[in-house]
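Paired with subunit B in one complex and with subunit C in the other, subunit A is shared by the two complexes that follow.
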Partner chain A sequence: MSRWGYFLRRLLLAVPVVIFGTTITFLILRAGPLDPVSAILGPTGSPQAYNRIQENLGLNKPLWEQYIDFMVSLFTFDLGQSWVINPDTDAYDLILLFAPRTIWLGFWSVLIALFVGIPLGFYAGLHPNTPSDYLASFGGIVWRAMPNFWLAIILVGALGLSGPFGGAWINLGPQTNIIGPPDLGFFSDPLRLLTAPGDTWPDFLAALKKIAPAAVVLGSASMGNEMRIGRTAVLETINSNYVETARAKGVPRRSIVWKHVFRNALIPLVPIITGEAFLLIGGSVIVETVFGINGLGYLFFQAITQGDLPLVGSLMFIFILLLVVVNILQDFLYTIIDPRVGYER
Partner chain B sequence: MAGSDEPARSPARGSDEPTRSSARGNGEPAQPPARGDDESAVAAPSTARGDADGEPLLEVDGVRTAFFTDKEVIRAVDGVSFDIRRGETVGVVGESGSGKSVTARTIMGLVESPGRVLRGSVRFRDPDAVRRFASKFGGRTADVSDLAPEEREGAIGEDDFVVVEERRDGEITRGYVDVVRAPEKALRKLRGGDIAMVFQDPLTSLNPVYTVGNQIKEALRLHRGLTGSDATREAIDLLEAVGIPDAGRRVREYPHEFSGGMRQRAVIAMALACDPEVLICDEPTTALDVTIQAQILELLRDLQEERDLAIMFITHDMGVIAEIADSVNVMYAGEIVESAPVVELFERPKHPYTRGLLESIPGTQGRDERLRTIEGEVPTPNEEPTYCRFAPRCPKAFDECDRVHPVPVDVADGARDHTAACLLYPEDESREAAVSLHESRNGERGDSA
Partner chain C sequence: MSDTSPSEDAPLVDRIAANPRPALVWVAGFAVLLALEFGALAESLTSPVPWADLYERPAGALGLPAGAVGFVLLASAAVVAGIGFAHYWREGSLRAAGGGALSLLVAVELGIALGGNATIAVTALALLAALALVGTGVARGSPRGAVIGGIALLVGLVGVHAIQPLPTLLTRELIPNQGYEHPDRGWVGPFLGLPPAVAWALRVALVYAYAFALLAWAWRGYNVFREHYRYADWTPRDDMVDRFRNHYWGLFGFVVVFMFVVFAVFAPPIGPTTVERNIMNPYSHELTYWDEAAGGTATITVGDANLGSSSAGNPDRNVGVMQYDEYDRFHPFGTLVSGKDLFTFMAAGARVSLFIGILALGMSGLIAAVLALVTAYYKGVADLLAVIVSDSIQSLPRLLLIILLSVVFAETWLSEVYSGGLLLALIFGATTWPFLWRAVRGPALQVSEQEWIDAARSFGQRPHVTMKKHMAPYIIGYLLVYASLTLGGIIIATAALSFLGVGVSAPTPEWGRAVSDGRSYIATVSWHISTIPGILVVIVVTAFNAFGDGVRDAIDPQSAGGGDAADEAVVAAGGGG
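Moving on, here comes the complex of A and B:
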């Protein structure tokens, strides 16, 4: 079937994209003002030590050789070792240490956007120009307009130790402070959530509560986006001719909404939803910093300011892979939802 | 009652009858039991149908549908009345904005907020349907079969939308379902099942994300309870019936894999899926090119002959009307301004608007003449008419036209079925007499509002 042929072609086209992205990363890193040697050496090192370290790191080799080393090691998933931040630690181990917090944060913020934003938007679209629609739309715009960093600081101020609701927040459910990374110990053995719920669920809830304010902040913008686009999409579909045809066929309203409107309204939402999956990676640096969550965003920022080339390169490579995978996922969703995709007309 | 005044059509109907009643039996197992034994052949459904031939299957009576906007109330349909009989095609013509489509939606019960049907009724007179709805909505059925004609009006309650007018041995033989007063639940049964509709644009009237078969099967499931492979087989049969080749493969394809003409055929198949009695076609050929248009008209004619369909055909194309309609209603600004059998209308158009429409068909005048048009455009009918809405554009307007609202009258004494809403008619009366006739009729009409 040509739908799946189309999907396969998309999959193959992802390979040159990854290669190109990695190459650009290499060029930017090398062309930029990063000097890992002086970062390692500190301000007092001698020129001899400088040269020795440069030689050790292989930075005096011709650029094309460095490029080939860089590419080969990345594509064989040999991520190398950190130079500056945590010398002689595998980049892989560092990422494994920091990534779960970011994933935890991103997961919940995407979920909030999905399960609050889209239903709200669909509801508003199905009841256009009613007070509840105005409320939802207005809320969506306000929610959308609040900048991340501002909302984050306000929340920390309000729910923090000295804030007006600080005490209430700490004692709500499991005791946690608003600042600091969540304890994701239960991740190491997720099956125990099922086998020993008594022991692990409190940890799970504590981690959830810990991440909730940050997730709300991170998800808020996309929640507003999804709400508004969902509303428009529903309005557009519900006024379309095929919905009228369905009504003329005697299809009940519920089935019109769920069968005829829902699936068509999802089509414009797919890129918005997958676009938000990038929250998993990029948008979280500020929020992670404000809430003191030592995640990937924090690690990436530290690595880049300190010139930790292998770590930056590895992180970039992983980000590129994630981006490409999310894009492929988006195309996959398209092929499932919309049968028109992939046909050349 | 037993009027079989059209013998020419009866063989076709006879041959169609078995499949039709068997199809019904599938969908509504509840209703046919008490028929047959003690009743003579006279009361059998086919004869009930024969009875109905004399009287209309669908009566649109004084319907007014208005749209309430912040600025004004637009009477998109303002006091429209006409009948459709079995096997008959009633054409509705008019410019854009004359209220054709709103009329169709009123008949389907598809008028949505901010629109509302203010008055009038749409009476669907299929005895089968009346029986079904009477048994399902007993609480909202008025049985006036025992009452004298003058008592009937008062016996129909506020909420009643099914009216039984005649019973023979307990079996309902005459009555109607009023679409305007029917609740949404009943409308859903009626739509698609009894009255089906084909929309203007075949390119967008199929849902792009479901296969054509899926959408036909949806109708089959809703009204006839068919699912699974039975439904698939029926869908394939339907596609074949509307002339789609290789239907077995096509049924699994998506709308975008169909050409425009094929899509309209598929839409027609979908409309016919549940064997409706009335088919409303809202400009079904406007979006198609001329050859395909001819094919679709041909198809509709064949289907009508096969199934004895009553068709209401909306278009702005006089050529199409001439080809397909038996009788024609000309609409202008929400009102029917002229109504006549098709040949009569084309040979002897009476209303100045109809004349203008016919003259504006290219090729009806001499070669060198400029194409004649009707100056101006359709006004928005946003108030109670106390004048002729066509007067500002009318070449024959006189002073009274601004003062008296014309009502449909026979164009002349003895002119069969030919009415026009114009102060010039009846033409065998003097102008003063005609105007005062319109005036007095107006008074009667206004009271019932």
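Moving on, here comes the complex of A and C:
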């Protein structure tokens, strides 16, 4: 099978995966033991209100009709509306309202993980069995084992108002508190970052500083993973025959490292990097709850605990789409980077 | 082969019969170790499992008197046990013997749950069965019969323990650590008048000494088998064991994991106080302390004493690490905000985490192994279907799916069992198997390409026999690697859920709840509440990862990361917890 044939196959496989994943969500929400209508109403609902909501959601129809409605509306991106969190608001608007902060958080946590984890791992791999390698490896292993929620509250404790570094953190750069959402007002007109840098860059820096602790926490597990895998990947390639040949030919070390080691060592890192998406979506619930950032993870958790099941279904669908797209992206990157793909699997 | 030693095809039983001495020595040592702690073992079979539910639930559903249903169930379990043993006796079927022993255990536990004469009757029955089995085993010269009789005897002794408690070595009654300090006479109450801290440390040291003795004896048992009873001088597994023994990072992981398991299994004797007394029902228990003002002893309920020993960031009223509170109680890890003992809380929480982790892993490991074998053997459509199902489950964000499921099922009876622990274990089991399956799919496909699988197929061996005998042993090691990583992830995810307030419900201890309780006090004198559980999670998870690395290097020295690293990352981090 050719490379693009392999990619095409993966692309086709994504369709049943999305359908089946959404079906699982449907089954949990509608066929599960929790009645969506009573979850929305809470303990003090009148029967009239009950009937009205039931009719509105189409829950009085047979299950298979509900299923078809559910699937058709989701796949046409009719995401319904929120019932408890923000009644009578379209789920679409809610997502647009909450998503930017999560994207901001996710962007920086991916960036931190990439630009700290991979260089550290490569450094450790290029200097194996030295004290700095041991330090970096051990740090990566412990860093990876730290639960997000614990790291988050420790950071909040240390950098918060009453913490030992609280004062120092507040006065570092623009004044911000560690808890609370970042102000992303400058996003409404991103071009102003270029046209009026004096006004907008302080806002940008404040938003960056605000998100930094949360991004460090969220990137922690991936950072450790990237370090570990990066180290083994470099070690594997640097001991391979073609590197030895290049060295024997007299290729300078710099060009060996960048041309022959670096590119090949990136291949096993691809699934780790794309796999970050899974950790980010799961971790955002915890990190956003602890740091008080009202993003998508926070929205999802509030929707679940307050019984806003229609909104939960829509959010789940968005997350599924996102993860499947990331998976496709991973296969795409594989196809581009690794010419052997499709032949060995 | 010479005439004196058994032939190479002789079953293990015959080889033991030919040279029984090393085996007998080992069994005798094991019996001594078992006898020292038998009371605790019997207790752990009886009390935590809701045996009474077995008849009360159906009786409730059918509207019949619970006692009658219980007796019917008891009688039928006993009959099943009898049929099983009779079948074994006639045909020598080990499966029948195992089934018999299991239903005998169910019968005994039902008898204990029903109480009164039922207990005595069923215990007598079990002891009689054990006697008969051992007797016939010895009379026939069949060691296997004696072993099965021994198992039946243990089941009977569980019943005996319910009637008349058998002694246990490692109990707080034997080495008590609770007491008060008399101004003239020193400590009154703790073991030998030692300070409570020393008495407690002694008990913990004894527990760990016992556990490591048990471990060493098990290792010795493996060596006895290898030297005296295994036909082959060398097997590939010996190399794996040797590689693991020289893998210090893996050994570190193994030792820490073992200590964690002991911490969880021996939680009742290890804690300075008990969960029931200190955490669950503090107002139903009393405590004697020395009242300075009155110049004599006084009593107070544990609940009231807890109010005085709370740690909530106040420098004047804080019980930190390795400190005594004002009622002379010793707190190795300090106290919680509620004044309860953190060490006891942690030990009980370890139990909950371990229960959830092992049940979930057992479930998902079984699904993953069976699926991997079936899809690798048949390939084609079966493989494609499994890929789609597992990809779909993996496309749902794991932690969010777990939160969703635990909220949706929160009102059902499942969430009442073990304070929601069972439900969580089932949820983890249902959502973890795709990761495990992914991990063993590659090795399973690899082994299915081997010639011996083809050979087995061509001479007509039935597929499930081929899978069990020729494929399963190859993938078990890989499963163990991922199981170890996943267990760390499950511990993190369980803690994350209770941190968020879903999952295991209060007051049942769970590590994440301690972290959540103490989060406002991190920068105060009560820093220990959140910090210690977090550090323990980091150590335990690191150890599980290290153990997994060690096993991987032992079974497959060529591999080093790569492959399914992304899946590994997700499971090992608990899906982002």
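Please note the rule applied: the second predicted complex is superposed on the first by the 330 of 345 C-alpha atoms of A that agree within 3 Å, B and C clash if a C-alpha of one lies under 4 Å from a C-alpha of the other, contacts with A are read in each partner's own complex, and residues count from 1 in each chain.
Everything that follows uses one rule, which is that contacts are C-beta pairs under 8 Å (C-beta built on N, C-alpha and C of every residue); 3 or more make two chains touch, one makes a residue touch a chain.
Computed from a prediction, not measured in an experiment: that's the story for all the values here.
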Partner chain(s) touched by A:251 [first = subunit B, second = subunit C, both, neither]: first
First (subunit B), second (subunit C), both or neither touched by A:275: second
Chain touching more of subunit A, residue-wise (subunit B, subunit C): C
Touched partner set for A:337, first subunit B, second subunit C, both or neither: first
Which superposed partner A:16 touches (first subunit B, second subunit C, both, neither): second
First (subunit B), second (subunit C), both or neither touched by A:241: first
First, second, both or neither for A:66, with subunit B first and subunit C second: neither
Touched partner set for A:229, first subunit B, second subunit C, both or neither: second
Subunit C partner contacts - residues on subunit A that touch it in the complex: 13, 16-18, 20-21, 23-25, 28-29, 32-34, 141-142, 144-150, 153-154, 156-158, 160, 162-164, 166, 221-222, 225, 228-229, 232-233, 235-236, 268, 271-272, 274-275, 278-286, 289-290, 300-301, 304-305, 312, 316, 319-320, 323-324, 327, 330
Contact footprint of subunit A on subunit B as seen in their complex: 108, 110, 187-193, 196-197, 199-201, 204-211, 215, 218-219, 222-223, 254, 256-257, 267, 270-271
For the subunit A and subunit B complex, residues of the former touching the latter: 240-252, 259-260, 263-264, 267, 337-340, 343, 345
Residues on subunit C engaged by subunit A in the complex (per definition of touch): 387-389, 391-400, 403-405, 407-412, 488, 492, 495-496, 499-502, 512, 515, 519, 522-524, 527, 530-531, 533-534, 537-538, 541-542, 545-546, 560-567, 569-570, 572-577
